[in-house]
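Shared between the two complexes below is subunit A, which has subunit B as its partner in the first and subunit C in the second.
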Partner chain A sequence: MSSLLAVDNLEIGYRDTDGVDVTLLRGISLSVARGEIIALVGESGCGKSVTAKAILGVLPDNLKAHRGTIRYEDRNLLELDEAAYQAMRGRAFTLVPQHPLSSLNPVFTVGEQFFDLIAFQGRTHVGIIDYWRPRLSASRRRAIRTRTIDALREVSLPSPEELVDRYPLQLSGGQSQRVLIAMALVGDPQIVIADEPGTALDVTIEAQINDLLLERVQARQTSMIYITHDLGIASQLADRVYVMYAGRVVEEGPTATVFATPRHPYTAGLLRAVPKVTDEPFEGIPGTLPDPKAIGQGCAFRWRCPFAINACAESVPPLSDVGDGRRAACVRATELELVA
Partner chain B sequence: MRFIFRRMIELAVVMFGLSVLIFVISRVLPGDPVRFALGPQATEEQIAQLSREMGLDQPLVVQYWRLIKGLFQGDLGVSLTTFRPIAGDLATFLPASLELALFSMSLAILVGVPLGVMTAVHRNSSRDYIGRAVAFSGVAIPVFWFALLVQALLSFQWRIFPPLGRIDADVRPPPHVTGSFLIDSLLVFDIGLFFHVLSFLILPAVVLAASPMAMILRLLRASMIDEMGKDYVLTARANGMPRNLLIHKYVLRNAFSATLTIIGLLFGFFIGGAFIVETVFSWPGIGRYGVRALQFKDFNAIIAVTLLVGLAYAAANTVVAVLYGWLDPRLRLGRR
Partner chain C sequence: MTNDIPARDSPIAGGVEDGPVSVEVPAWRIAVATLGKSPLSMVGLGIVLLILVLAIFGPWIAPFPDDAGATVNFAERLQPPSWKHWFGTDIVGRDVLSRVIVGARISMMIAAFVIVLAVLIGVPIGIIAAYWGGWLGNILMRINEVFLAIPSLVFVLAVAALLGPSLPVVIAAIALAWWTWFARLAYGEALHIKEEQFVEAAQVSGAGGLRIAFTEILPNLTSVLVVKITLDIGYVILLGAALGFLGLGVQPPDPEWGIMVAEGRDQLPNAWWLTTFPGLAIFVTVIGFNLLGDGLNDLLGARQ
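Let's look at the complex of A and B:
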């Protein structure tokens, strides 16, 4: 399958206030095919969101890509100028954010926010005349309103005609997230990047949101990069999964195989840490993510790994083929018998 | 509408409190205003007579009631130094002050807001540093010193602007319509007069605007930077919202709510500054009138000026509160 988007060996870091270079993404590679759903899983702070922001080209100013490429179709996004990049936002790729309640502008109605997005999406600059032209034309106004209502109806929001004139504070978290999904889809994007879209919501609402996302992207043949720390959700949604740890992909492959027979001790640890509805005691992974400044030469997981050997501190194990279409970055990937 | 009504009630309560406060302070302050008014040679009978004429021999409650009754009838008593009705004096001096205050307030906002946005957007660039340096000086330099400096250099040294007053003594002011020379001269299409009047207005206005402008700049810069880090900005950017629209509409509207509150408070600053600026530039306004009233312990005039200033301050903040509600739906709709 040829990929629509391919991130290759991406390295992103910043210079801290002491002038020390800190690397957050240490050579990430991933790819999404047309219509495919992949999941990025890992603990908070492992670099999932930074990867998403890098693809969208909305990294904070201090973060810089030092190495690697982000290829969309046949263009390297890291070499695009801002105008060309902006033209792709919302159309090539788009974002469903993590915190629905704070991701809509509080002082404008839903309709107003849709209006500007529909009228001006992908442009770098809107002059005063450009700004007023669609607003002064009754037919254009009506067309945009109709499109907004249609977009809201598509995400199963009740009475979208009333909703367009509401302010975000009049919406619940679940409704806000539906509005945001509608907003993300309004430009007919090729890839939806969903950054933990349900984490801030109640469990039942989260399930509804995930069902909706899945249904919408499948209906439109849209690809999706779903970021989560919840392995259960990842296994339900994704075709393939990338397990990230401390700025690296440590294991990747088809979701079912990776979760059934993990090849990296971190994946196995994550799977064991999922609470189950049985009497089985559930175990977490001891320790926390290492400080990105202190990882040094070897495998970043070596301090928390029950199977670490001397070789783990010497060099970073490359992500290599371990059979069944999977790759894992562990020197002992093929010899260990891991229990999920 | 209910929101505005509530604000109006608040305004009335504040004004009542202020009037009581001013009245009591003016009566308990040491020094008999009548003795001041009549001078050291006055006899006890003269003092007693004037006290009676002005009602100062009555109980405090009665005096206060007379003051309030007078206020509603537009009668503020007579000045203890000139013996002219104070209401008439205020009517003469108020338009000049209003013109100066509104002009310099607009100046502060029209310069401060764009600079605040610019320094926030180009954070840590040379533009930002220059803007912040200007803002810092604006806040740090005392008004009286800046006023004298500007007057000495631009008026007396280089003779670019007239140093004193509101209009040349031999130029006829425009017919009185609004009381603002600027607007009135435009109403009769006298462009020459307009620029003549403007040349007098510009220096005091700039001096008066400097500090509030700097405060608006700093505040707006800080709240713009704060807003730009919010989730909705990231989401809008990722969805392809044009950057200038995002900043000048979505971020600015959010950031401005915070700044607006301060603009209301800054109005007090304006009035304080106006007393100094009007004195330095001989601007025939309420500020200069108030300073003179203070110098001569003209209690009736002091009460009137203080009440007027208080009313202006409270009214400005009421306008701000109403605007605030209009800007921010969260206040109008109430949190659920």
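Let's look at the complex of A and C:
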């Protein structure tokens, strides 16, 4: 399958204050085909958001990519200069952020937030004269306003004609997230990266936001990378799922098969930790994520894994084919009978 | 797909609400209502408006507009306050009230030019230092600290003494000492605003560095800048008057308040009105801008 975006063996780390190099992403590989929806799942701190930031090219200054490639169409994004990267943001890939209420600039109305997106997205080095030109032309202003209202209508916001003139503090969380989805889609991006877009909202609104996102993305044949720790949402939305643990992909494959018959003990543990509507008590995974400095040689899950053997501490198991189009990174992947 | 929540009434929209659409109150009416709750800030606003009127229309309001210049009228020299000369007359017979009124323009001119220059220099430097950081930010802020380390009065005196005292030199000298405060303020504020989610949201939607710095971050500085500007106008007027008093600012016969205090000093204690009224003018103006600044601080601070 030809992929639109392919991350290959990406390693990202930082140097801590003692001068020790700490690796956060330890060789991530993933790919998204045109129109495909993938989910990155894993507990907090496993590197999902860092992966998203790396793709978008907005890693914090202290994080550096040591190894690997991020290939979009035919270009390695890690080698792009900032201007070329900037021209791609919002057009090639875009972000639906995690915190809707703080992701809108409080001093501008909704319409003003869209203005520069519509007028200048995809361009770099816009001069002051060019910056003012659309603002001074009544017809351009009208056209941009019309496009903004259309974009708001597409995300099912009520009375968009009034909403364009509202400030972010006058919107509810759900409305803000819809505005942000509309902003993300206004540049007609190829890939939408949604970083837990519903976690800041209550569950009913979260479900509506996810439905909306899925519907918009499918209508446009846009690819989506959906980041979440909620396996339920991942199973509803995604074609394929990547389970991440401590900076690595531990299992990947078609969502339905991975969740029905997990091949990695961590995936199985995550699935058992999902609260069920029955009386059956749910079990969590004992322990916490290991300190990235202390992982050392072997499998990062070995301390929490009920099936760990001596071989687990010796080397990192590679992500290898386990049948049904799936891959898992566990030395015992084929011998274990895991219960989801 | 249904709508999630009906349009929530805005926290800043007050007044009658029937139905889901709230009645929008214009921002200026909220400002007046909030400021009106604090009598002191209203006094400040009144003083500031009065000074502005005097600064603009002074020559038409003053009873003896010609006395603002170098006229001489020895027949009426050193007269105490009377119905004809409310603030008395000076050593060459000029009307002190007229000179105080016309003097408002000079003080306001110094303040306005200084503040505009200081904001234009300081704010971009502060924002750039904060947003780009690294070696550029370091260089800019270390230069800034060098300027901060020199007391502004000493610095301004040195520049004025070097270049010769005149209105443009006074303005340039004070502005050169003053931009550092705006750079410092903008730096601190921008440092925290650049970590906001909406800055990252702008970045991932394809906005460039300059656009983020000046159209995402700068507008969020407006309220602190407005307060700082209002408070600083008072201090700049004070500094300008101090320079005039020391003879290194605006030169006679211009009716600058500081010069008038200095000129009247020789006549103390007999002709007390020569120093008292220009001194009061300085005092009232500075107090006025301070009260207004405090009021604006409460007003704009409460909105965040």
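In the analysis below, the second predicted complex is superposed on the first by the 339 of 340 C-alpha atoms of A that agree within 3 Å, B and C clash if a C-alpha of one lies under 4 Å from a C-alpha of the other, contacts with A are read in each partner's own complex, and residues count from 1 in each chain.
The definition used in the following text is that a contact is a pair of C-beta atoms (placed from the backbone, for glycine too) under 8 Å apart; a residue touches a chain by one contact, two chains touch by 3 or more.
The model shown is predicted, which means the values in this text are computed figures rather than measured ones.
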Combined model on subunit A: subunit C and subunit B, fit or clash: clash
Contact breadth on subunit A, by residue count: subunit C or subunit B: C
Partner chain(s) touched by A:184 [first = subunit B, second = subunit C, both, neither]: both
Which of subunit B and subunit C A:104 touches, first, second, both or neither: both
Which superposed partner A:236 touches (first subunit B, second subunit C, both, neither): neither
Which of subunit B and subunit C A:3 touches, first, second, both or neither: neither
Which of subunit B and subunit C A:29 touches, first, second, both or neither: neither
Clash-bearing segment of subunit B, relative to subunit C, as chosen among 5-13, 23-31, 41-49 or 59-67: 5-13
Shared subunit A surface residues [contacts with subunit B and with subunit C]: 56, 58, 86-91, 94-95, 97-99, 102-108, 116-117, 120-122, 124-126, 131, 167, 169-170, 180, 183-184, 187
Touch list for subunit C against partner subunit A, complex: 1-8, 10-13, 21, 133-134, 196-198, 200-208, 211, 215-216, 219-220, 222
Footprint of subunit B on subunit A - complex, ascending: 53, 56, 58, 86-91, 94-95, 97-99, 102-108, 113, 116-117, 120-126, 131, 167, 169-170, 180, 183-184, 187, 193
Parts of subunit B lying in touch with subunit A, wherever the complex brings them together: 230-232, 234-245, 249-250, 253-254, 257, 327-330, 333, 335-336
Subunit A residues within the subunit C interface of the complex: 56, 58, 61, 83, 86-91, 94-95, 97-99, 102-108, 116-117, 120-122, 124-126, 131, 156-159, 162-163, 166-167, 169-172, 174-175, 178, 180, 183-184, 187, 204-205, 208, 211-212, 215
